[in-house]
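A, B, C and D are the chain letters, set down in written order, and residue numbers restart from 1 in every chain.
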Amino acid sequence: MSFGIGIIGAGVMGADHARTIFRDVAGAHVAALSDIDAARAAAVGGETGARRVDTDAHVVIADPGVDAVLIASPDATHAELVLACLAAGKPVLCEKPLAATAEACLRIVAAEAALGRTLVQVGFMRRFDPAYVEMKAALDAGALGAPLVLHCVHRNVSAPVWFEAMMAITNAAVHEIDIARWLLGAEIVRAQVVRSRTARAADPILLVLETDRGPLIDIEVFVSAQYGYDVRGELVCERGTVSLAPPVATDLRHAGAQSFRFAADWRPRFADAYRLELQSWVRGLATGRYEGASARDGYAATAIAEACVRSLDTGAPVDIRLADDPQS
Amino acid sequence: MSFGIGIIGAGVMGADHARTIFRDVAGAHVAALSDIDAARAAAVGGETGARRVDTDAHVVIADPGVDAVLIASPDATHAELVLACLAAGKPVLCEKPLAATAEACLRIVAAEAALGRTLVQVGFMRRFDPAYVEMKAALDAGALGAPLVLHCVHRNVSAPVWFEAMMAITNAAVHEIDIARWLLGAEIVRAQVVRSRTARAADPILLVLETDRGPLIDIEVFVSAQYGYDVRGELVCERGTVSLAPPVATDLRHAGAQSFRFAADWRPRFADAYRLELQSWVRGLATGRYEGASARDGYAATAIAEACVRSLDTGAPVDIRLADDPQS
Amino acid sequence: MSFGIGIIGAGVMGADHARTIFRDVAGAHVAALSDIDAARAAAVGGETGARRVDTDAHVVIADPGVDAVLIASPDATHAELVLACLAAGKPVLCEKPLAATAEACLRIVAAEAALGRTLVQVGFMRRFDPAYVEMKAALDAGALGAPLVLHCVHRNVSAPVWFEAMMAITNAAVHEIDIARWLLGAEIVRAQVVRSRTARAADPILLVLETDRGPLIDIEVFVSAQYGYDVRGELVCERGTVSLAPPVATDLRHAGAQSFRFAADWRPRFADAYRLELQSWVRGLATGRYEGASARDGYAATAIAEACVRSLDTGAPVDIRLADDPQS
Amino acid sequence: MSFGIGIIGAGVMGADHARTIFRDVAGAHVAALSDIDAARAAAVGGETGARRVDTDAHVVIADPGVDAVLIASPDATHAELVLACLAAGKPVLCEKPLAATAEACLRIVAAEAALGRTLVQVGFMRRFDPAYVEMKAALDAGALGAPLVLHCVHRNVSAPVWFEAMMAITNAAVHEIDIARWLLGAEIVRAQVVRSRTARAADPILLVLETDRGPLIDIEVFVSAQYGYDVRGELVCERGTVSLAPPVATDLRHAGAQSFRFAADWRPRFADAYRLELQSWVRGLATGRYEGASARDGYAATAIAEACVRSLDTGAPVDIRLADDPQS
């Protein structure tokens, strides 16, 4: 049994996903692939064995050989495409964000609830990263006691030229927002963003988040950290802490120093997380039970990021009240 | 040439200092020692070769064999004793805090300024810790660029029963406040303390401090962290970061794990810093130039801690305006 | 396109391989499976989707749905089964050792050479371990200069009751022998085993190996190290060294120490290496080019291990002269 | 009370020792100093407060203000000067080696035994290095069980032009020989040196040592390791191991990597060991009990190094039989 996957978007993420399914995922194959750039669609589709390539995403969704859809097209297209998958009754794994606004996310949540079954998974791949999984297992094992603080650091080498300050939240910190909710099993109810008062240091920013169950979260987002792609996390509990270890396979001693290298961006750092996410999703296609982030999680992440953006703009804390969950 | 040191207070810190001077510091000896507990004074004085012991601190200050005074008596006595040393024209190393209130600190600053020469050093020993010294050297070397954020963690095993929430600031975070000012060469101008909204997690607290030059500071203070005494720091700069490495001499592989142990409290962790602080101070006695924290630094730390306590009480940010420095 | 894999042996390794192919390898499926224990064959075969299960390995080899064979049966059966695969013209991945003796290995090498094409891969999975791959890449990058010494440590928690001293070489050190040859691109020409002169310390033993190109190799094998399964390696070169970093995902701070845990045995440590080995082999089935250890490598590892066993018995160094390679 | 120290030799080590006593050691002062280079003697003596400087070592030994002598002159002069100190009845700390040959060491051992009291300490400073001290404490604590293997690595950046192969043993490995005897409480009874068979890799060499109590020792000596001064050690015991952690105060993240730097030579690496060695020796001057290496230890290290040199020359193992200890 092999599930036919339809991939929408053959940019960096879409092409990576297609190659991962083709090369490294059991029980699935790339059935169809679309991209608005026909040449790119043909190239990636050819490389990954897609039977059909097109410039129209809806052709992929409708293709009878497509059992499930993976959306990796530009953010602005996500909501409409996810709704189309729901209309077609096909499971869909949507790269984050689920939609560009919390409001649009809620429409998806409602549409899925109306169907009465889970079809949507949002691509918060960190939930499958072995280090975060081990962190959660350490917490759940109980010896550390209740969680109290989660410290997060999210650093990129450099920001693209079109980067705006708010994107440090919507593109970067949103991963920490999701992983914090998942780790802590708590909801974020208040957000405050602190930035330096000097123009020079508009980046990094600090986010301080409060949860309904008590644990605090702080996040440094530094999109132009230059030295490397670096994601850190420490979960502080009553009787101990658990931290992400640096992802190091070998240590070098050379030229006066012992060192290990950072990835240049998130792709090598989370390559295994992406593979495990896809493998888990494919397992879920058989069972109808998905381990990844739900549409509701996608809504929450977007809504909380929106609150952080308001705090960034105003400099004041913002209280957060999420819409009720129609599933609960 | 050996300087005669008069030590006031033979509790944990005073006794440690007396032993360090006796055993490990060149160019000085314990000349006299006082403690309100006569037996304790006699015991520590006998062990460290003090010629004179007394229950009256002023006897020590006045002793002609005492070239300089080290104050390690209870906090409430510091201000009065430092002023007595100034009145006697004797150099004095005062354990932190310099005085119980910013206002009292300012009186000392003024008294010293009136004398026209530096006699006061405040015992912020971290400035002599080799790891912090190396961190500052890394910053000053310039390759990392300007500092942007200083992350601090300060964890104790447990708080004494008489511990109040504000003491997490005045006893613990005050060390980070001083080291941040020293590292960054910037003044702290705004403070905010965030605590969990659940009673259970009154500890730890998070401090977010802003400086006049731009860098942000965040500090986790966790006085009942249970697992060990743990002080961490990472200085984030434009082109890289420098972190305190864990103070590890050996790694153990045993019983399923590789591990190293934490100190139970600050004394082993900062034993070398204390020794180097005292050795530096003794060198300063000969030259009149001291490398440690000044009376002004002692005032600033206390004043900023007071602002943090106000923020802890109110939950709101507090702007800080330090008194003008009479020396500058 | 999905290759049908026939698995011989449903013990620990065979079952693990079957599950990995079923769950985590793209482009292949478990077609048939045999074990002398019919119940075990049925259980593992059922779990992994095998169409056919049997107690006779030759039924698996002959099955027309079996495109390639994976041998994970007891060591003593390897040679005969590999020769049967060659006779059937089917690619075969044989768990180490290729055969119980160097002489038997040579018969396989000769049989494969007579066929004129590569069909045999030996399961030295460390060649696919990301850390060893990164070590080799660091060497090949050239900045470190020529290799001079390879230090290896191989520790198991405890030896099974049927363990004999020589098995520390044939079961454990043989992995280091293979990886050293692969890393260094050199042949081992002399071996010496040093053991303690006290009965108590028959374990660990030290192996010192010399190569034709100059680099030295030392290996500690400690089969009852108790604290955990631990494999270390450092490659010392002219201008620097590269070491395997401990495989750590998270660090724990708890109960007075910072720690990370060791695996209990080799399976979690090399789980990813096994998966990558199988995925690489499946790719090789399509191209006829295999990245793993060849039959010749399997012969060399066994012959060198035999020399080490002689040195263990005699206490003297043993010169090694491998048979000529019929392929070269 | 302050002991007057007479220092013989104002080269790198002598000057370092003089400065350490002057700046950082309690209870002692530099009383007199000699060097065959009068200008150097005057410079270092002036800097460190010596009352008397001379070009004649015997003037220092005879000086009535000299309570104890520290010998840091060229190796060839050690034996004669130590004997002169014994003749004068003055305690002496002699830099390693105690004498150029085992035979000459034995004459010192005999001369001291004839006096009936301990006057000689040999400058194997690693016994005072906090990491080695912690390693020994871990062993002595008992939880690890009996020691089985000690792995050592000794790497220098580069060898001076006058360096001969045997000096890798007599100048470098001799430190590991002493520390192994001290850690293990065992005597080395057999030595074998393995070197590469290619001219290119005459350096590094491997030493394999066997002890009377069973533990094995291996030592890599690499005098031109280029990347930094690096001393490693791991003590493998029945139930676990203890390793020297790299001496790291801060970690740098910069330019694509996380790193810490190595010292360029042994002086910064063992600066604290030298200070603690001197402080311990000065305490010993008061009590007559010395914690450092004895004359007997100095003899043993030299005799074992001589055996290693013979093995280096012949390529064969060398059995070692030390002279009986007159003290025991």
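Keep in mind that, in the parts below, a residue touches a chain if its C-beta (ideal position, glycine included) is under 8 Å from a C-beta of that chain, and two chains touch if they have at least 3 such contacts.
Remember, predicted model here, so these are calculated numbers, not experimental data.
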Greatest Cα-centre separation from chain D belongs to chain A
Here the gap between chain B and chain C, centre to centre from mean Cα coordinates and rounded to Å, is 57
Per the C-alpha means, the centres of chain B and chain D lie apart by a whole-Å value of 37
So, in whole Å, the Cα centroid of chain A is separated from that of chain B by 43
Residue ranges of chain A touching at least 2 other chains are 227, 239-241, 253-255, 260
Contact graph of the chains (line, ring, star, complete, other): complete
Within their complex, chain B touches chain C through residues 227-228, 230, 246, 253-262, 264
Chain A contacts chain B in the complex at 146, 148-149, 151, 153, 192, 194-198, 200-201, 204, 206, 208, 210, 213-216, 218, 220, 222, 225-227, 236, 238-241
Within the complex, chain C is touched by chain A residues 2, 21-26, 130-131, 134-135, 138, 143-144, 239-245, 248-255, 260, 279, 283
